[in-house]
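Here it is, the structure in full.
Every chain is named by a letter (A, B, C and D) in the order it is written, and numbering of its residues begins at 1.
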Amino acid sequence: MLTTPFDDDQLHEECGIFGVYRHADAARHVALGLHALQHRGQEAAGIVAFDGARFQAHRAMGHVAEAFESDRVMAELAGYTAIGHVRYATFGATILRNVQPLFADMSFGGFAVAHNGNLTNAMALRRRLVKAGCIFQSTSDTEVILHLVSTSQQNGVIDRFIDALKQIQGAYSLVALTDNMMIGVRDPLGVRPLVLGKFEDGTMVFASETCALDIIGADFVRDVEAGEIVIVSDEGIRSLKPFGSPKSRFCIFEHIYFARPDSIVDGRSVYDVRKHIGAELARESGVPADVIIPVPDSGVPAAIGYAAEAGVPFELGIIRNHYVGRTFIEPTQQIRNLGVKLKHNANRPQIEGKRVILVDDSIVRGTTSLKIVQMVRDAGATEVHMRIASPPTTHSCFYGVDTPERSQLLAATHDIEGMRKFIQADSLAFISMDGLYRAMGEPRRNTDAPQYCDACFTGDYPIPLTDHWGSEEDGPRLPLFSKAI
Amino acid sequence: MLTTPFDDDQLHEECGIFGVYRHADAARHVALGLHALQHRGQEAAGIVAFDGARFQAHRAMGHVAEAFESDRVMAELAGYTAIGHVRYATFGATILRNVQPLFADMSFGGFAVAHNGNLTNAMALRRRLVKAGCIFQSTSDTEVILHLVSTSQQNGVIDRFIDALKQIQGAYSLVALTDNMMIGVRDPLGVRPLVLGKFEDGTMVFASETCALDIIGADFVRDVEAGEIVIVSDEGIRSLKPFGSPKSRFCIFEHIYFARPDSIVDGRSVYDVRKHIGAELARESGVPADVIIPVPDSGVPAAIGYAAEAGVPFELGIIRNHYVGRTFIEPTQQIRNLGVKLKHNANRPQIEGKRVILVDDSIVRGTTSLKIVQMVRDAGATEVHMRIASPPTTHSCFYGVDTPERSQLLAATHDIEGMRKFIQADSLAFISMDGLYRAMGEPRRNTDAPQYCDACFTGDYPIPLTDHWGSEEDGPRLPLFSKAI
Amino acid sequence: MLTTPFDDDQLHEECGIFGVYRHADAARHVALGLHALQHRGQEAAGIVAFDGARFQAHRAMGHVAEAFESDRVMAELAGYTAIGHVRYATFGATILRNVQPLFADMSFGGFAVAHNGNLTNAMALRRRLVKAGCIFQSTSDTEVILHLVSTSQQNGVIDRFIDALKQIQGAYSLVALTDNMMIGVRDPLGVRPLVLGKFEDGTMVFASETCALDIIGADFVRDVEAGEIVIVSDEGIRSLKPFGSPKSRFCIFEHIYFARPDSIVDGRSVYDVRKHIGAELARESGVPADVIIPVPDSGVPAAIGYAAEAGVPFELGIIRNHYVGRTFIEPTQQIRNLGVKLKHNANRPQIEGKRVILVDDSIVRGTTSLKIVQMVRDAGATEVHMRIASPPTTHSCFYGVDTPERSQLLAATHDIEGMRKFIQADSLAFISMDGLYRAMGEPRRNTDAPQYCDACFTGDYPIPLTDHWGSEEDGPRLPLFSKAI
Amino acid sequence: MLTTPFDDDQLHEECGIFGVYRHADAARHVALGLHALQHRGQEAAGIVAFDGARFQAHRAMGHVAEAFESDRVMAELAGYTAIGHVRYATFGATILRNVQPLFADMSFGGFAVAHNGNLTNAMALRRRLVKAGCIFQSTSDTEVILHLVSTSQQNGVIDRFIDALKQIQGAYSLVALTDNMMIGVRDPLGVRPLVLGKFEDGTMVFASETCALDIIGADFVRDVEAGEIVIVSDEGIRSLKPFGSPKSRFCIFEHIYFARPDSIVDGRSVYDVRKHIGAELARESGVPADVIIPVPDSGVPAAIGYAAEAGVPFELGIIRNHYVGRTFIEPTQQIRNLGVKLKHNANRPQIEGKRVILVDDSIVRGTTSLKIVQMVRDAGATEVHMRIASPPTTHSCFYGVDTPERSQLLAATHDIEGMRKFIQADSLAFISMDGLYRAMGEPRRNTDAPQYCDACFTGDYPIPLTDHWGSEEDGPRLPLFSKAI
């Protein structure tokens, strides 16, 4: 079997989270919300529901629609409150024990938690906890949080939870469930998204993106703020700010690629931002051309913005095959060379004899861009210009995005001209850093206090990378561990 | 479980076919070709390969990438020649016995056949054959062809095959495989598509659409002609025309909806035709608006054409969720009302406060259009105008397209104003018949001898509907039949 | 994977059949009857039911209890009449298309048939039928019968069926189902068993063995006679004898090994016959010993008979592991040498220091006997004597029993002393032919007109072996054929 | 679906354990050993292997032969040391998380443990551990041991393990695995069995019963003693006795029913003990009869012993269907009444007109005995006498045997005559307590210091039942718990 050729050359979000408090169909609504967040993780999905007496969980590999298709499964998830999770595996194979939400019986009752992001001191904490006698059942960062809560010396769930949060570092949006509360949390810099929504009847909802509110007909209330803990209970809504009021550093890549174009994240329309990036690109690095062609699907809004600004026709010059699954037949070498075509095909009549500007969201390893350029040239383009709706990706992300090691990033080892040669385009341009910030509505990047986390472009990591920076003697990230149940 | 809400309100192509003669990786190439034809049928897929001594078959429910993922399966399909089929079930549940290609040992050797289309006298022929002692193992029309070949009094495979073809009525493109030939056939009116392709090394290929040639790097040679039998063997290529030279009546709906936009069918770029339809629509029924929004994905090219002609911005105002599978959780009534949102979501910032023109390919039952209009209005559109890239669909298809009974077709029971009211749009317009033909490059529809099969718009059925018109005493379409193996 | 070691060295019955006419729970009763016949075939099972309007079938690989476990499956098999089949595959892999009962829509209505036995002219008939245009969908002999019925020039189901039976050769017990009859048939020599049973309410039942009547509480009425056709319908029971009254040649191996000990077959208690064989063995070839130990499970009744006659204690000196499935882990060579122990273990305290007589039903290849003797010797036996409850198996069966080729039969290539040396026993004796017939209640074997089919011991084949004796040019048994659906 | 009718009316052992230290094929040998112990648990199986660097685990529902059939699975279990477990679920549904061996990364390295038995203070310990912050992932008693080891204040694995063992109460045989030791333990009273075996090359083996040594060709060395810890490492074998030298109280029911007849447990041949019980029964409660019939399979050795002592013929008058799986079709009431026949059938010719003595191992609820007596009477027995190879089962077991609640035990609520009436036998007798002890080779039961644990017959529980005797406020056995992963 072969992982579809493009997967290796794309960044992957790790997770999406969702929760519903007090609704007759809590688990069904969570399943729908997760379905709308499916783009944030396709490997596995899980829901934990509470019915006033018992917690029930269902977790499965695969898509939400399959995992929660069975009436029997949904019947077992009866209950008026539920939280859920979709996941893309970061480390090694996803095993079922790692699928969230995780749950534990603690001295004060049941506690479930779902996590979007990545802890940067998880290994250090894990070593400390194991030394103290804690037994880990998964390789998931999230389990660290469970053990910190469980072993906290504080009284009460909330104080224990805050105690745990104060020990962890990293990017995290969390939704937690106890027997009388649903809790939403964003890390002190608010790197990963989390919004609060509300049904007409007052039922409260947490979601990674607003598109998950839309699918169930809930209204957007507001973002959970950076460093904020929002507690939803029968007493209403409470907000805690145990970290004070740090300045937010939202992940700018959510706007460029991860979030769905119909979502409002961090206060902005994703689609609009992408169109503005396209327009900035056209202004910054315009070149005479006959047609603007997006690399589907993520390049489409930027290409529309580019085309409108440049006054050049926008056409679907590359058609995507939407039936691409995760694997396909093991190809012979001859077939492997056709690889990219499993997913994309040139729409020759829109390309032949034309000067083409391709618009894509980013370049990771560059192997896909090379094949796309080649495919467009084979279809008869006289010139192929590549325009990228983000600055060069020069650094790995440690905050919940699955990036290759730095040495695998084309932009980490090549300058622009080197990259152009690698992908064999006639010209290559990336949006400038300030152009990107302008598209976000900022005058420019504030280098003293950047408005966003842009570490993948700058190496400016706003949260310590404790595990990554740790010494050799700290041992491997994954210690001895038993295989999947 | 629930079939995804939109399925009921869309037309479905029945099948795609593909064949490769004399290639070291015949079956792998057929799997790739079928993958490119996946849009023509997602229910099941099959391949029959011949290695010079034995025929081997693999057929499975589901997508091509799953059905042929296993190395073991592909190893068993070794052989230098192979044909394949993707299928959308027309009658009842798809059962594995119905999955094509069908195969039979006959007195002259093995014979396999894959079929895209529908026979209109299959039941009459079946009754006659059963009376003569033939035993049917499937409910598939295609098996009728097998029995006609097997029981033919002619000598030689080709004469038997022609004998069979002369008895069947209907729309059919066929690819057949014997122990020394691969044969491609189109019915006398050439209703369904079939093209001939070639590898650089001379290997010949049959495919329903050119996009399936692209994926394996084969060149387009020509269409198989209406009523033509093309025989590929080690002796080269032979063309027979047992039906003389009837005038072609290609299915115009292939251009409007079924074919992939990057295919060339019947000599024209599908994408171009759709853009021209959009432009014609803009000229015929333009209305002041702020934004042109396609109903994704099929409405996109027409919307681009409309927007360019009208000088109004094109925006992705409706975002499609590509993770919609065939089923989802059984919704409660409240959730059912959210149904359409499983697949589509309004991109509110592109809609709010604007006069919107929606462009869609067709209206079948109208229930989806109603929900789309509602969704767009809920997102704040001040006006919602629906423009349809085909004439009103007033008649059922009996030539291989899965249409509802006529009484279920909105256009069969409502005039334009009635349809507008039903879908609650501010205005509704369909392209005119002549406008459609103009977009196809014709001056107008030739009413005496129409250039295309447009029966779904006109009721002008060019091939007799023997089974459909038959008397009651002919009995039911499906006689006693045992359940799926 | 490894087929459990003993399978290769045991004879296998091909099939068991069962039918119930006019009972509210027809299919459930058939499933129970098949469960009681599971020893006759463990590879696959199937049921066809008729509800007065439609035939429904379910066929599956594996045991009856799994194949018909699902309530949904049983609900679909509603109907007042049903026939069923359990199968052990004779040729190649069992594929689902071969699983019986087979069914066909014929000009007169539906016709289903289940078959226990083997046709000896199936290939010759198949060639003739294919030449006439018949299309075969399976490699099963049984399908020949379907086509003979379907293409018969006779009128009426019964006459067509008789017409078909007159053309086939071989050993066969059949149960057939039409829309108003259930029909039971035994071949003219009555080689394979078939009995008629009755519920208190008059519902009629066909079964391969009486133990299948017991499980559903039906009473044994009588054997279907050799060459008899028994027709059960709403008009009652009719008996036809189209072959006159040939003398029966029932398979003597059914008594020795195949039939369940609690069955009455051909008028005799299987358990009693086996005990009598054991007693004959003790009289014919007694030897001083301390303990009689059966090779479980088939050797138990003969060992009890032997022990009682010899006045030597009977002990379970070999314990069988009943959890042996069809496959186990691929063993290394070291483990392979332990092979036999997956299924059997010596009960050392019953063996150590003792002179042991082992009693087994037959010797096929001899490899198992060798390992058993070795195991018993390793457990401390001072002498190991093997006594076999059948004469030497010198010939292959062509009448429905899965025997190795003749060259693989130990008795075909070794005399008794050679066999003794091969299995390394201190002595070896088989029951004499006349001793066997005495145990059956006969004075001796009537060599002019043997009372039983004993071809596997004598090579005296009472039914022509047309396919087997055919010339090379008749071609291979399995012509071109497509892989399993 | 229906659990096979007999399951409810039989006692079930919970588990079997097995371990191999330093062998090239450790995991394969463990799989074979578990296969030989399959009678001790059929619900699930697991193996943990260590290759000098990493621990690997595979656990699955179902039989050993299925769970470890895959070459891929076995390849992943490479390593020179492995322990394994077969399991019968005691509480609720078996879920995969409960399948042993359990494993945890602890501060000193990996630690795996497999457990046969039951802890009687598991809930009390669990509550204490949860209060201290431990997170449990399973409902298994065994996890308590893991947490006790993990949180122990002692240094070194052995001291931590002993610290844990000193806190637990109950019946337990354990096999544990660390990165340099394999450890076998029996509880201070040695209630559950555990033996030490050795290959010729010195490889050491732990097994629940000797039959598991036989299958891999290992020699029996000795029993692990009551309260003994046996440590196998590269330094050789070490024995610790942290509990001093308490007098053993081995479970007498292992001899009566659980252990395989070819095993030597606690120094005695199980088969011999059962024969002696049968002989004692014949002496204590003989009655004139024509035939001795065992209730298969567990009653066979006792029936042989009875028959030999009584001089009455032993016959297989009841035939068992070995193809009974865990479920079957949901029967209608009529079929339910046939229930017992799914598994057993009367061998009528051995019964009809005879005075029958049935020999069974025990009576639990009595429902099966009732049906068996009825079946034998229906087959024509003139008298039916039931003889039971154990004293009346009047008390539940809390030491690892799955018994019904006391109120469900027929002997807890009926005297002998009441039980006889219930099962409708002509006479009923159980072996006396002293008769049972005589069969074990003792002069009688030493009432001051019984030689065995016979609590199920006497209510004399040698180990405190802390959880069972605990007050209401201790809460339910299973607190809030999430559903199966």
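Throughout what follows, a residue touches a chain if its C-beta (ideal position, glycine included) is under 8 Å from a C-beta of that chain, and two chains touch if they have at least 3 such contacts.
Because the structure is a prediction, the values reported are computed rather than measured.
Shared contact partners of chain C and chain D, listed by label: none present.
Between the Cα centres of chain B and chain D there is a gap of 62 Å. Put simply, the C-alpha centre of chain A and that of chain B have 36 angstrom between them.
Averaging C-alpha coordinates per chain places the centre of chain A 50 Å away from that of chain D.
If you sketch which chains touch which, the chains form one closed loop in which each chain touches exactly two neighbours.
Only residues 1, 25, 28-29, 31-32, 35-36, 38-39, 42, 63-66, 68-69, 71, 74, 211, 214-217, 260-262, 264, 269, 271-272, 297, 300-301, 304, 308, 313-316, 319, 321-325, 327-332, 334-335, 338, 341-342, 345-350 of chain A touch chain B when the two sit together in their complex. Those residues of chain C that touch chain B in the shared complex are 48, 53-59, 76, 96-97, 99, 103-107, 109-110, 112, 130-137, 146-147, 150-152, 179, 479-483, 485.
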